[in-house]
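Below: one structure, written as structure tokens.
A, B and C label the chains in the order they appear, each numbered from 1.
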Amino acid sequence: MSPLIQGVLTIIIGVGGCIGYFFASNLILDKVIFPPKGANPGRNINRANMVRPWLFLLPAILALGLYLVYPVIGSFWRSLFNRAGDEFIGLGNYITMFGDDQFRISLFNNFLWVLVVPAAATFFGLLVAQLTDRMKWGNIAKSLIFMPMAISFVGASLIWKFVYANNPDIGMINAVRDFLGMGPVDVLQIPFWNNFFLMVILIWIQTGFAMVILSAALRGIPEETVEAAIIDGANPFQIFFKIKVPQIMGTIVVVWTTITILVLKVFDIVYTMTGGNFGTEILPSYMMSYMFRDDGRATAVAFVIMLIVLPVMIWNIAQARKEMR
Amino acid sequence: MDNIAGTKTSLSWVMNITVVVLVLLWLIPTIGLLVSSFRDRDQISASGWWLSPFPVEQNFSTRASGDNAVQQGDLFVIEGNVYDDEEMAETFGGETPPIAAFGGTRAAPTAFQPGDVAELSRDRTLSVLEDGSYTFTSPAEFSRDPRIYFASETPPEFSLDNYDTVLTSDNMDVAFINTLTVTIPATVIPILIAAFAAYALAWMDFPGRGLLIAAVVGLLVVPLQLALVPLLNLHNQVGIGQSFVGIWLAHTGFGLPLAIYLLRNYMVGLPRDIIESAKVDGATDFQVFVKIVLPLSFPALASFAIFQFLWTWNDLLVAKVFLPSDDASKVMTVKIADDLLGSRGGDWGILATAAFVSIAVPLVVFFTMQRYLVRGLLAGSVK
Amino acid sequence: MKTYLLAGVAAAALTAGTAQGAGHLPFAPGDGDFNWDSFTAFADANDFSGEEITVTGPWTGADAELVNSVMAYFSEATGATVNYSGSDSFEQDIMISAQAGSAPNVAVFPQPGLASDMAGRGFLSPLGDETAAWVRDNYAAGQSWVDLGTYANADGADELFGFFYKVDVKSLVWYIPEAFDEAGYDIPETMEELKALTDQIVEDGGTPWCIGLGSGAATGWPATDWVEDMMLRTQEPAVYDQWVANELPFNDPAVVAAIEEFGYFALNDAYVDGGAQAVANTDFRESPTGLFDIPPKCYMHRQASFIPTFFPEGTEVGEDVDFFYFPAYAEKDLGKPVLGAGTLFAITNDSPAARGLMEFIKTPIAHEVWMAQSGFLTPHTGVNTDMYANDTLKALGDVLLGATTFRFDASDLMPGEIGAGAFWTGMVDYTTGADAAEVAAGIQERWDAIQ
């Protein structure tokens, strides 16, 4: 029972500590360091407002710095060394990597994934979110579509084995082919297209994510806007495309970005379904095959992945600037 | 007017049907998993899960007991019933469906119709009747128990054995509590920290804001694997080592970028006039955050909570690295992956069951949170 | 004899009082034909009361119970508590915990490659010359086990780091005796006969082989065993050793020929269940079930001695299914080569109790306890082979003893990138249509890159 008590205690300490920190630090700032009274109340308020953002951000910056920035910098340094980690080779890992066929295949496949999966998952998510919005059994439908999100990747790979397996007694696709009198085919071995069969799995999982976020956004659209459009005689399609979609465009972009980033990280599906064989390797699984063996190469792959996401980062900075104005 | 109502109902029909189709498409694979969780490994590889509710004609083999051989003239004869065999009785659950065909060799198990007399090698003969009774004859003594092959319909069979294995395995209760001990703080703490940070990034003006936002987006993509070894080193140096505190901190760190990113984007979309009028009324940022932004952001908080909960719940890698590997601190995913699946890697029935057991709690969380999603929004729109 | 017995009783009485948290002992000390003398002698000489040691290894589930039952005797004898935890992703876990400085006391490595890697990084403690001498004297073909456990340390000097415990035999073909009997097939004694039998089965309308290479991220490894076995059946053992050390390049005609020997069976649509296309992606755990189908999907399955775990429930090895030695070519006169693998114990975090455990697994009793329960083979010459749990295991032991050449799984000895990477994926490429010479050249290229 001790972990249970320990757990309850930490929830109280952790959560209480967090709340206490934010509350106390703001209180001290406002009442003790820069009280809005005395000689220069105006200047004090301004100063307090300059410090306050950092109070709000401090725990997050600490956690991010320690748990992500520090390892990233360490890893970048590591990627400049050879496999044993005792010889500095500059960009040697990057250069040999770009000469590797397997890497180029992974890179190409990864672009396919980045193009297809976020688009498809967001599309289906939006479709379901909109269709179930005012439906009586909408919540049930949503829960069912959401279910794959709750299944671990290992479970998901198993599920799709029951669909893709070469053996018509196990795989549904081949059972159908068998029924139609066609010979069995291993869909995971069809060159090029097998990538898409693997993508289907991630789309199937991520649609639930897109749906939850987008349906929350759809419900956030003020009733009046929609009602006004109905009175103006707009048909349901016009309402959806001209009124609703522009209103939630920001959220759509967030969902798209999040799934894109996820695509760049998920190795489990390829790893468990094909092990990267049959020309289905993607960068994260390529990285895994070097992880703990040639850490120089593995970390170099990680930085190529981070490079791919650069456009998304730049776009987000621009977006943030626009909001500031 | 009638016309409009007409298109409306037909449109709602189309909508309903589309949703049904989508739900079915999404559901079919999962149903396969659910059905498989009630079947054992042999059944799963013998027939497709979609056939499992129907009686299936399958081929079986049993041994005629040589001990029962009686000498009749020149021949040694064994008489008996295929369903009397213990193993068969178990397979058929005591039922005796009619024999569809039989044979004397594994290569041709259904070569003869019930009642026929099959001529086998070494001048042996075999005859099986529809009720399962057989007569095996041989001119020479039976050196070992001969096989009889037959085809018969097995009734559909489902069992809770897999669930029994998964749920009652040693220390599963401890693992369940451990998982909750990991997931709850690992969900609540990052949300709290992220909410404040997201507010600062969305509604407070300070130098370096754009850069920080970009950094958060950049950190989203950091592969976890990169961070594991340096962080475990750090934990060991600081004295946390492998412990629950360590895993909470790790999950917090890894979950923060997405939390901040999602929450900031939601908060930016909140109506500017509400916040500004509050500030004009003299509210401090802290008050604005606690009294206005936090309640309005409830749907976003709830949806992130769902996702963070799911990830920590299904996480295997972080748990393996940051928790000690003794039984007292194993979480469910580790327990299932290491203890249950390890040497039975091919046991799909167990895997399917494990997947369903671990899906149960996240689904409950989703249902509860879904209510809050709506309520939070209603509260928002009332204002 | 009498004094021995008395000492034993006294030791048992003593340890019974002090042993704490000792697990269940499957055989009461003193019962049966076990080598209890070695147990009492060890118990007298060692006392680690109150100490705790942690052990991690690749054994989980039923195997974990078995190793725990062996550890229980160590606890009984010394009073130390042993905390064993098994993991399916042991290779990754041990690397992370060693780098993070939280390694267990003793690690059980499923393959020498990884142990050698870790020894080179200074994560393992050497076992000393005394142990090397012991292995040389007490293991069949002792020197070869010493060589397999000897790696370069962080300074590049060779030292013994690994102690082999539990061996698997890989050169086995599984079949169903009744199916062979009914069809009138005889067990092939030579590779020529095996090929003739393969054709015979096809002629009779059957499918001879079930081959599956699927294993998630490790897809392809079963094919490496095939190629290694073929290598031993087409080349001198010395050539095999050169191949392992990469003194013979991977794209040497000898290696390419061995790959093509595997292809002779695996790439012929008529020879394999499901056709050649099914080979690459059929799960290796699911593959043997084809033997048990009625009518059979195949008649033979080449796989190591661990595979019965994946046979359908209730299958009795020896009665329902049996194995024969994967034969060698009569014309090549290379004797009876046997391919094997094994797990080795190494100290990852030194302590007196960890040393004590390494001493314990030298005692015959540590081997007999596992032998008597389930699939466990050992090269220890001091054990009572009557203790093998059943005749099949004994027969497996005979394969090991009857070998004129014993060679360790090459892929386990090659560097991780090759033996657990390029070799696997190369084999998958080969079974899905790539040319053997090209595949071999690709693997060699990768090997060049890491040297």
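FYI, a contact is a pair of C-beta atoms (placed from the backbone, for glycine too) under 8 Å apart; a residue touches a chain by one contact, two chains touch by 3 or more.
Keep in mind it's a predicted model, so treat the numbers as computed, not measured.
Enquirer: Across all chain pairs, which one has the most C-beta contacts?
Expert: A-B
Enquirer: Quick one: most central chain, C-alpha centroids?
Expert: That would be chain B.
Enquirer: On a CA-centroid basis, which chain has its centre farthest from chain B's?
Expert: C
Enquirer: How many Å are there between the centre of chain A and the centre of chain B, using C-alpha atoms for each centre?
Expert: 21
Enquirer: Between chain B and chain C, what distance separates the C-alpha centroids? Give it in angstrom.
Expert: 32
Enquirer: Roughly how far is chain A from chain C, going centre to centre by Cα mean, in whole Å?
Expert: Using C-alpha averages as centres, the distance is 41 Å.
Enquirer: Identify all positions of chain A at which a residue touches two or more other chains, and write them in rising order.
Expert: Each of 167, 288, 291 in chain A touches at least two other chains.
Enquirer: Identify all positions of chain B at which a residue touches two or more other chains, and write them in rising order.
Expert: 45, 337
Enquirer: Identify all positions of chain C at which a residue touches two or more other chains, and write them in rising order.
Expert: 96, 286
Enquirer: Mind listing the chain B positions that touch chain A in their complex?
Expert: 11, 15-16, 18-19, 22-23, 26-30, 32-33, 36, 44-50, 174, 177-178, 180-181, 184-185, 188-190, 192-194, 196-197, 199-201, 204-206, 209-227, 230-231, 234, 244-245, 248-250, 252-254, 256-258, 260-262, 265-266, 268-269, 284-286, 289, 299-300, 303, 306-307, 310, 313-314, 316, 328-329, 333, 337, 348, 351-352, 354-355, 358-359, 362-363, 366-367, 370, 373-374, 377, 380-381
Enquirer: Give the list of chain B residues in touch with chain C in this complex.
Expert: Touching chain C from chain B are residues 40-42, 45, 59-61, 87, 104-109, 121, 147, 149, 228-229, 232-233, 235-236, 241-242, 320-321, 325-327, 337-346.
Enquirer: Going by the contact rule at the top, pick out the chain A residues touching chain B in the complex.
Expert: Contact set of chain A toward chain B: 1, 3-4, 6-7, 10-11, 14-15, 18-19, 22-23, 26, 30, 49-50, 52-54, 56-57, 59-61, 63-64, 66-72, 74-75, 124, 127-128, 131-132, 135, 138-139, 141-155, 158-163, 167-170, 172, 175, 204, 207, 209, 212-213, 216, 219-220, 222-223, 236, 250-251, 254, 257-258, 261, 264-265, 284, 287-288, 291, 298-299, 302, 305-306, 309, 312-314, 316-317, 320-321, 323-324.
Enquirer: Applying the document's contact rule, which stretches of chain A touch chain C when the two form their complex?
Expert: 83, 96, 166-167, 184-186, 188-189, 271-278, 288-294
Enquirer: Mind listing the chain C positions that touch chain A in their complex?
Expert: 91-92, 95-96, 117, 215-220, 274, 277-278, 280-282, 286, 416-417, 421, 424-425, 428-429, 432, 449-450
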